[in-house]
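Following this line, the structures themselves.
Look for chain A in each of the two complexes below; its partner is chain B in the first and chain C in the second.
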Partner chain A sequence: MTALARLSRVLPSTVLIVLLALVIFGPLTNLLIWSVTERWYFPHKLPLEWGFSFWERVFRPRGNAMESLITSIWIAVFTVFACLALSVPAGYALARLKLPARALIMLAFLMPQAFPSVPIYINVARIFYTLQLNGTIAGVVLVHTLHGLVYSVWIATAAFAAVDRSLEEAARNMGAGPLRTFATITLPLATPGIMASAIFVFLESLDEFTGTYFVGTPDVTTLPLLMFRASMEGNYQIASITALILLIPSIAFMLVVERFLRADVLAKVGT
Partner chain B sequence: MTRGSLSVRQVAASYGATPVLDEVSLDVVPGEFVALLGASGCGKTTLLRAISGFVRVDRGRVIASDRDITDTPPEKRGMAMVFQSYALWPHMSVAKNIAYGLKLRRWPRERIAGRVDETLALLKLGGLGERNVEQISGGQRQRVALGRALAVEPELLLLDEPLSNLDARIRLELRHEIRALQKRLGITAIHVTHDREEAMVMADRIAIMHRGRIEQVGAPETIYQSPQSAFVADFLGASNICDLVLDRSDDEIRIAPGPLNTAARVPPRQAERLNGSAHGPVRAHFHSNAARLVSADSDTDAKTLTLFGRIAQSSYPGGFYRYAVAVGGREFVVDSDRHLSEGETVGISLPVEALHLFPHTGNNEEREETS
Partner chain C sequence: MRSPSLIGLLLVTPALLLLAALFVYPLGFSLVSAFTVEGAGDGGDRFGLFNFVNAYELYATDIAFTVLIVGLSTALIGIFAVAIGGYLTLGEVGFAVALLRWLYRWPLFIPFIVAAQCMRTFLAKNGLMNNALSAAGLLEPLSAQSFLDWRGIVITFVWKQTPFVALLVAGAMASIDRSTIEAARNLGASRLRALIEIVVPQVHAILVVGLVLSFVTMMSVLSVPMMISGNTPTMMTVDMAFRINAYGDYGTANALGFISYLLTGAVAWIYLRRGVREGPP
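Now for the complex of A and B:
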């Protein structure tokens, strides 16, 4: 086989890999470059001046970015708790009890994802306005919870369904009442799955934009809102740095989630 | 003192619209080992789960240690169950699994530690206490499950096919170990199994279940030697069936001679089960090991029945020959020391006491699966 023939065989796959890498890493590189740019305008291919002054501006103790990062994290934490408070009992009930309209209930949690979100959030904002929830953290947490319940209820149901019933029966048989059985056997065994759902909810809340935009503004500014505003004003440096900050928890948690979500739990999602 | 007694009275249970238990009654005395034996789907596991409280009974009562526990939740029944899957908690160590029931009983910590060590030693699990239950072998898991159940000193030990997931050698070993422990601790045990030999070897009494009913209860020898129904006879291995005709004259019951069999006298005890209908066609069940091959023209006495047949097939499994003997339309498997060739005419000699006679129920060719 000649070198040319070998090249012609390897070439298509090489080109494909390079293209794929470009699609994935191209925008990220652009983001990275923008975050360390001081001055950059058309028609220059690369920034004219490099520097970290915008990082300094973002991380300034009383800067907008830090404030909205903290707001974002608090909202995400509250959302996780609100979701868990609902999804642990709901997931257990859906996995274990003989509910008549089980499939319908599971579907109901999917509804907010199925409809176009803008009209939903406009209506939510209208209702929240009459309840004086507009522009409050509580209002935003409620909207994020609605959004996060899909993940948390579906995954929690799968996590509970993956716990072998005979393990619960063994505890009952040994003398544990239903509540103690739940606390010492069922919940600990479902915890990895529930942790995974909590992480999904946390990330979803951190990245959520539409709902926060309609319900939260102008009083509540989360990181995605700040990013949106910065890029609307043409301040790409701030927007890029915010985007990079948002990337960190996503990547970190995704690595963790992979450990928590075992195959036997995943196999039960949606069943 | 009737601690450890169990009485199941006319219990009926169903899964949805399907009835599973049909008026089952069973009495167990303290310290007794009773096996519930039957093919899958006969209701034996359901009966065990009704006793342990995991299946709600539709009718009837369950009484343990003189206490009516029919409506008592499982955690208050004072029983300990060994599950078929072992049901060990994977988030706890071996020691924690065993200690769980003791913690619930609010034992002080030192006493729990002492009992856990005792239990581990009793079950030859010394040194495995800190292991995760997923890091030990199947036989060891089985022992941990048994240890967890025994640690709480239950009034009643329930065993749900505890040996079915083990390989043959460990199964044989654990059979004897469980039986020895049960005897030593004087604990009452109910054992569910589909393995005939396991039930015969382990139990004081066997309850044979079929279609949600108990067909017969008795000591292993009793049910083997005098099965009360064709099903029990068949299930316990008396699965060779031949059709005979009885002839009753005065106080004597005789097997009428036919083209395929000689005449023989049936002792009255033998015909008891036929309750009065000891006349006309009957069906006889017998164990293969009761049959002996004889030459077709050998003399017979009144206590022996000889069936005339022809060797259809022969094989040599080692130490003896095994023949399939065709008698009319049926084939029987008979072992013999003698070498015979295929096609040869032979007689199958059966002592009359080895025959289990049941009324001929017409075209009852369907045979229950017995595994």
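Now for the complex of A and C:
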């Protein structure tokens, strides 16, 4: 093949890939630029002054952003514990025990994802108002738990289903009771999948906006809410830095997810 | 001795109770509220369609806009997802396939709210997109316009949601029988024709599942329409939030909510009916 023929073969693909890279990374680049901008206004194509003074403002101890970050992390931690407390028993039962209408129960956990969520959250907020749960951490954790439940139940079910039954039977044959078998054989073997679901629920809670917007206001300000308010006030530096803080755990997750979620577990999700 | 299924039910019950309290009950609440006229006549509540009349009179344009925005986005997501999956399956330039595989997933892991903030700056009149185009000489600086309207919402949705559908479609394409593709190629079919006539029909089911899930997701996201274009015309999600925050008007908000259930229900129904007619894959 001549050099020219080879070039004409790879050129269209190369152009398309470069265009796609621009489309995907262009918006992210704009976010990065805003995060290190001191002054930038029309009609200048790039910032007039660059610097980190807004980073200092965001990371100032006792500043709004640090407070929101801590609130967000606590809410996410509580949400993970609530989801695990509900999904480990439910996942074990769905994977291992005889249940009537099992397919229907699995489907029920999917329902919140099959309905537009804004009207649901509006009415949750209205109900929480009468229970004095509006604007409390507990109220936000409950809403995030509902949102995370489908992932944690489905992944936990898949993780338990992927555990080799013969190992459990061997333990039972050697005289271990059902609880001991669960604690020493089944649960440890299912742990990587359950960890993956916990990480996933943590991230979903960290990034959740709509539910917190209705249930958490005005007293609970998570990082996404802080970012939203900064952005609506036109304070793009604070909004962009906050967005970057939200982005880091998500990207880290993208890089490690395959280590936690093994193919044999993934193959059983939703079955 | 206790029956095993009783223990199973006990273990599932707490999770189901949470679902009932935080999803089924509010859903019922929203349905009742949509059809209730509060304080009608003698101060009591009665059933009626008043909220729907109100919602229609105030927001008919936004309802149409929502359908158009989400419909157009779904169509574009489908086209791009098939293109990406098709290139990963049929592409012949090795390094381009490898690069694409690494590249296309990025937005999948970026939260909606972060995507909205990126696009809010990127698509603005003085955003990086217009600046880059005019620096490259492709755009007259004076004719630069802001894309922060319905177009910005569509762009953000397509940018964020295409990788999800592409991931599902590419996975399904990777597992189809390669000999069918090679037979078509040997008979002289172009790669595009092989994609449309051989590959897509075999992954059709998973493509539709991905698109239905994306449709519901886009009907649910509040941050993107709020941050990209909160002015009229906008999406129903923004209107619902506005009715609550500005007026505490649950009736109209829930009527809009009911309409959005109907829209997603219609899409799910089309999908299910298709599944019944074609039988299981």
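The definition used in the following text is that the second predicted complex is superposed on the first by the 266 of 271 C-alpha atoms of A that agree within 3 Å, B and C clash if a C-alpha of one lies under 4 Å from a C-alpha of the other, contacts with A are read in each partner's own complex, and residues count from 1 in each chain.
Please note the rule applied: contacts are C-beta pairs under 8 Å (C-beta built on N, C-alpha and C of every residue); 3 or more make two chains touch, one makes a residue touch a chain.
Since the structure is predicted, the reported quantities are computational estimates derived from the model, not experimental observations.
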| item | value |
| --- | --- |
| Clash or fit, chain B versus chain C on superposed chain A | fit |
| Geometry of the superposed three-chain model: angle at chain A (Cα centres of chain B and chain C, steps of 10 degrees) | 100 |
| Partner chain(s) touched by A:I24 [first = chain B, second = chain C, both, neither] | second |
| Partner, of chain C and chain B, that touches more residues belonging to chain A | C |
| Which superposed partner A:I127 touches (first chain B, second chain C, both, neither) | second |
| A:W55 touches, of chain B and chain C: first, second, both or neither? | neither |
| Contacts of A:A170 with chain B and chain C, given as first, second, both or neither | first |
| First, second, both or neither for A:I185, with chain B first and chain C second | first |
| Least C-alpha distance (whole Å) that remains between chain C and chain B when both complexes are overlaid | 10 |
| Of chain C, residues touching chain A in the complex | 4-5, 7-9, 11-12, 14-16, 18-19, 22-23, 25-27, 29-30, 33, 91-93, 95-96, 99-100, 103-115, 117-122, 125-129, 131-132, 134-135, 141, 159, 213, 216, 219-223, 226-227, 237, 240-241, 244, 250, 253-254, 256-258, 260-261, 264, 268 |
| Touching residues (chain side chain A, partner chain B) in the complex | 164, 166-167, 169-177, 180, 184-185, 188-189 |
| Chain B residues within the chain A interface of the complex | 52-54, 73-76, 79-81, 83, 85, 87-91, 100-101, 104-105, 148, 152 |
| In the complex, chain A residues that touch chain C | 9-10, 13-14, 16-17, 20-21, 23-31, 33-34, 41-46, 85-87, 89-90, 92-94, 97-100, 105, 108-109, 111-127, 142-143, 145-146, 149, 153, 207, 209-210, 213-214, 224, 227-228, 231-232, 236, 239-240, 243, 246-247, 250-251, 253-254 |
